[in-house]
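Two complexes come next, and they have one chain in common, subunit A, joined by subunit B in the first and subunit C in the second.
Moving on, here comes the complex of A and B:
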């Protein structure tokens, strides 16, 4: 037997309480890990962006749409700087009327240039032909096609909260993506189909959401972005150009408040974790005051008592941390692939990275350590005679 | 004032021709001890100007009403508490001058404790409970095991080594506590109401064991008790009342 054995044996003293505490710590670690996974995955959207693309949007907000002529103007301004292709697109906000709870990204794009700029989309030459010749053609991501239950050659009708009416499309291709920079859960259709719709008000005609340009030299993206914005400086509507990474990040920035709340929530969970542990440790120490007095009488030093209490808290923290991590790995392992499949645009990854697992486990240990500081200090400072409470 | 047992008195009454036995050296010497506790701003004097010599190898019982200061005196002798005034010399060491750390080490070497409620660790086996004081020494695992076996054999519990306290009777628990008290081979054993929680038979067994430790192993035993039957087994009975020895 060693002194540490005694500390470990103390865990078996009140098994129900220890098990409940370990479960509590485990669930807190699980919640913390899930939030960290979401925050990390969300912020990774910028990391997987193509480095050789820049995006251009209205200077003030995404919501303000740009005039169509900006596409040509941008090409003229940026071509000498090494921009090989320019395309444009718009948010459609499409929904499947058969299943309106299904969320997916639907974009109206310039069919002539889109696949040159987003060349990670893989479709067959026949599909490419159908895409060029049919105004109602649509490219449906592999994962989304499964959910919409469509295949090449099928017709599908979508509705949109922005553009009223039923919009019928012909599935020209079910695309795959060769890179994480474009997900396989989007619905892509031709912008001219949208723009030529007779029901579209005149004010909405010839307007585009944003532009994307492909560069020959990714290292010049900042310089080219600056040059593009300068070219539109004296227009009614100024632009804001940035690398695709920054563009994605700025989109994430729109939900920064949500991320901030999630961040705060994750630390509130840590606080709860600390309180759960602290309560258990404090109760254990209170109940064992007399025993601590006996140990001190036998010659054990205050530092030994501190060690017993801290070691016990660390054991519980470690057990809870390991249990929480195991739960988190199991849960994220089970739902992660589905999240990536369904929400690939937002969550290109949904997994626990080894560093974040270490952080989760480390924080459980840290919570154990911190929660034991006051009880262990008090236990070690107690006078032997007071601990024994025997004044005859 | 101490009451000597009848046989001791007989020996003293044999007349002037008998060579008097040399007075045993005092292993515990308390001189001018005061002990005051504070209840808020109110001082409570528990012991006042107390002198006490406990001879080496004696078995002394200390009796007195509740609140008389028995346990306080026991705690002072055992180095668990410090006097407000006076000196305590135990086995040649003025323990009032020791730092808290040195005092703890001194206790682990010099004093064996027996408590009324046994105070065994419920999560440890009998052998592990007995081994506790040895964890503070530099002894190796094998030597610790050997000493634990000897101590448990001395109290007649060699067949209960792997039992947990809840699997033992009260008397057996107290015998494990006695084994824990002697495993370090201390010179002095202090016992605070060692039979207080036991039935008569178990109490007798424990007292027989204490007698054996005193006579065969030459341990000095200082026992606080309320029980006159327990006090009868000691060679000297002292009475404490209102902080003074009678």
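Moving on, here comes the complex of A and C:
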């Protein structure tokens, strides 16, 4: 019988405890993985954003809208720097009167240029024709279309907290997105339909929410952003430009406090993990004091005893880690696609990455190692005579 | 019944194992208490912002002040109706038309848009201090009407560049606001706002001829329904009235609910781990004390008494953990937690607010964990045959 088989045999003598410990470690690893998935998905918002797009908005507040002529001015100023397309849009805040708790992004966009800048939107050539010819045309994301229960050719009426009245749209296309940088849950319609509405007060006419420009060289986005803002510096409304990536990253910065809490929570999990494992190991060592005395009397060295204890802890940690990962993969696999569908703008991904799975498993092993340090040290330091004399 | 001192002593004999489980429970209680305290804090902050005797009038369909806009010409009939609206001693109506905007601001210690967030600016008329008589200047003085002086809520100092008592910041290019006072608003969301002169905000943010919302102090809270009918009967005005407290309550629902939901998911997952930890400890107690259990049975204690005794022991251990957890969580009441208000995109500072419900909930939670974690070990103990048990 080798030392390892002896260590493995030890696991089977208190099955309830080992099973419970593995369960406990598994649940802790599961919770840890879930937090990692959320934090990672959130911070990926910046990563998936298009690198080759710059957004430009009013400098002091996003509530202020810009004059329409800024679109042409921006193009004139930035074209020499490698800006190929410029488009503009506005936030509509649309709601479905049949279900006003459903939240989605609704944007009024310039129909002539929007699809050039956001070329990850894919629609059929016929839909493109309808989009060009019908002022009430709307492009509805695949996921949103499901929730609004509309298909191509349907009519739909939306209301808006900003623009009073009923707004009727014709669904020109249910679009798909070929990249994560644009979600499939938005409602997009033509800005001219909004602007030509007779009820719109004069002060709101020819106003746009923000501009988007497409670059040929993403590496120049910082330089071009600066140039754009400089071009508008002497106007009554100054602008703030940044790459889509920086914009998303700054959004993540606004929820930094929440991320911090999640990180603290994952630290708490590690503590719980250590406590469960440490408790089990310490109890096991205590109960086997007599046996360890016998082993020492037979000629095993203190380091052998240490090895028994550490090997057992590592083995339990590994089992628990594997169990937790299996749970996490099952759970995330089950809810992940739904999360991406419903909250695509916030969570472009909801999945476990191999590195984070490795970290989760590694932490379970590490907890096993650390929690066995003190008990194994104590066990190895026992005086043989005292150990044999002691009663469990 | 088996005397409780027996349980206390048993717990004390195996200190390490007891402490490990106890700390595990304590950590879970910290997590659940924190989420309860934060959702309390959110609810209180937003609720104290609203009063039952104050009505807020916005454009029909708007869900937040910022998205609303009312022509100034339309407000006078509403504000000065003596049938509903209270007056001060000199006969002026207690009503204010305000403009609410959010402004980008650099976080304290950063410049140039490295780390930005949004801060709310409220343009207020001179009589706002009479209408909101519960808001008090605690440092400096009230801003001079008609100037670019501002007062800031007491949650703001230290958070944004230039938004400090005695300092200044740019409202827009070349228009500098001077901070001359700090006000206390009883912990409400107003404390995260900047209050500036309504005309200053109007000019700086291009809001000529409009206000975001109108607030009026009603003669009594019971006048609200009649007032609402009065405001909304004239469809051409396109206005709606809400009680101020229910307006803020609606904003709370989403956020406090989210914090609670996230908190309970974590608390549930963590509690599984902690209960397993408790079960491991209790199983070990049962196994090690089977001889004692046999003796107790032989002395005439019933199976039920044994079951109860071990359950009591588990509950005692977990309850102590609960107390420790509450003690660890309570000091968080001093921590400020900035979070984005989803309805306005501006940061509001919340506090962790302990309540009797937090403490009772935490202790009940710990007790339940003790019962669940201890039940199966106690069950096993009660099933031990006295003869077998004493023979081991």
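Methods note: the second predicted complex is superposed on the first by the 296 of 392 C-alpha atoms of A that agree within 3 Å, B and C clash if a C-alpha of one lies under 4 Å from a C-alpha of the other, contacts with A are read in each partner's own complex, and residues count from 1 in each chain.
Convention: a residue touches a chain if its C-beta (ideal position, glycine included) is under 8 Å from a C-beta of that chain, and two chains touch if they have at least 3 such contacts.
On a predicted model such as this, the values are computed, not experimentally measured, just so you know.
**Q** After the superposition on A, what does A:13 contact: first (subunit B), second (subunit C), both or neither?
**A** A:13 sits against subunit B, while subunit C stays out of touch.
**Q** Going by the contact rule set out at the top, does A:273 touch subunit B (first), subunit C (second), both, or neither?
**A** The second partner, subunit C, only.
**Q** With both complexes overlaid on chain A, does A:258 touch subunit B (first), subunit C (second), both or neither?
**A** Touch partner of A:258: subunit C, not subunit B.
**Q** Thinking of the overlay built on chain A, is A:301 touched by subunit B (first), by subunit C (second), by both, or by neither?
**A** first
**Q** Once the two complexes are aligned on chain A, which partner has more residues of subunit A within touching range, subunit B or subunit C?
**A** In the superposed model, C touches more residues of subunit A.
**Q** Considering only the touch criterion stated at the top, classify A:83 as touching first (subunit B), second (subunit C), both, or neither.
**A** In the superposition, A:83 touches no partner, neither subunit B nor subunit C.
**Q** Between subunit B and subunit C, whom does A:2 touch in the aligned arrangement: first, second, both, or neither?
**A** In the superposed model, A:2 contacts subunit B only, not subunit C.
**Q** Considering only touches as defined above, state whether A:74 meets subunit B (first), subunit C (second), both or neither.
**A** Neither: A:74 stays clear of subunit B and subunit C.
**Q** When the two structures are overlaid on chain A, which partner does A:137 contact: first (subunit B), second (subunit C), both, or neither?
**A** neither
**Q** Where does A:291 make contact in the superposed view: on subunit B (first), on subunit C (second), on both, or on neither?
**A** first
**Q** Looking at subunit A, which of its residues have contacts with both subunit B and subunit C?
**A** 392
**Q** Within their complex, state which residues of subunit A touch subunit B.
**A** Residue list for subunit A touching subunit B: 1-3, 5-6, 9-10, 12-13, 290-291, 294-302, 383-385, 388, 390-392.
**Q** Looking at the complex, which residues from subunit B come into contact with subunit A?
**A** Touch list, subunit B to subunit A: 37, 46, 66-72, 74-75, 78, 80-81, 100-101, 104-105, 107-109, 113, 115, 119, 121-124, 128, 131-133, 135-136, 180, 192, 224.
**Q** Over in the complex, which subunit A residues touch subunit C? Could you list them?
**A** Where subunit A meets subunit C, its residues are 14, 16-17, 20-21, 23-24, 27-28, 30-31, 34, 59-64, 93, 159-162, 164, 203, 233, 237-238, 240, 242, 250, 253-255, 257-258, 265, 268-269, 271-273, 275-276, 278-280, 282-283, 287, 392.
**Q** Tell me, which parts of subunit C touch subunit A in their complex?
**A** 16-17, 20-21, 23-24, 27-28, 30-31, 59-64, 66-68, 101-104, 113, 115-118, 170-173, 204-206, 208-210, 238, 266, 269-270, 272-274, 276-277, 279-281, 283-284, 287-288, 337-340, 345, 347
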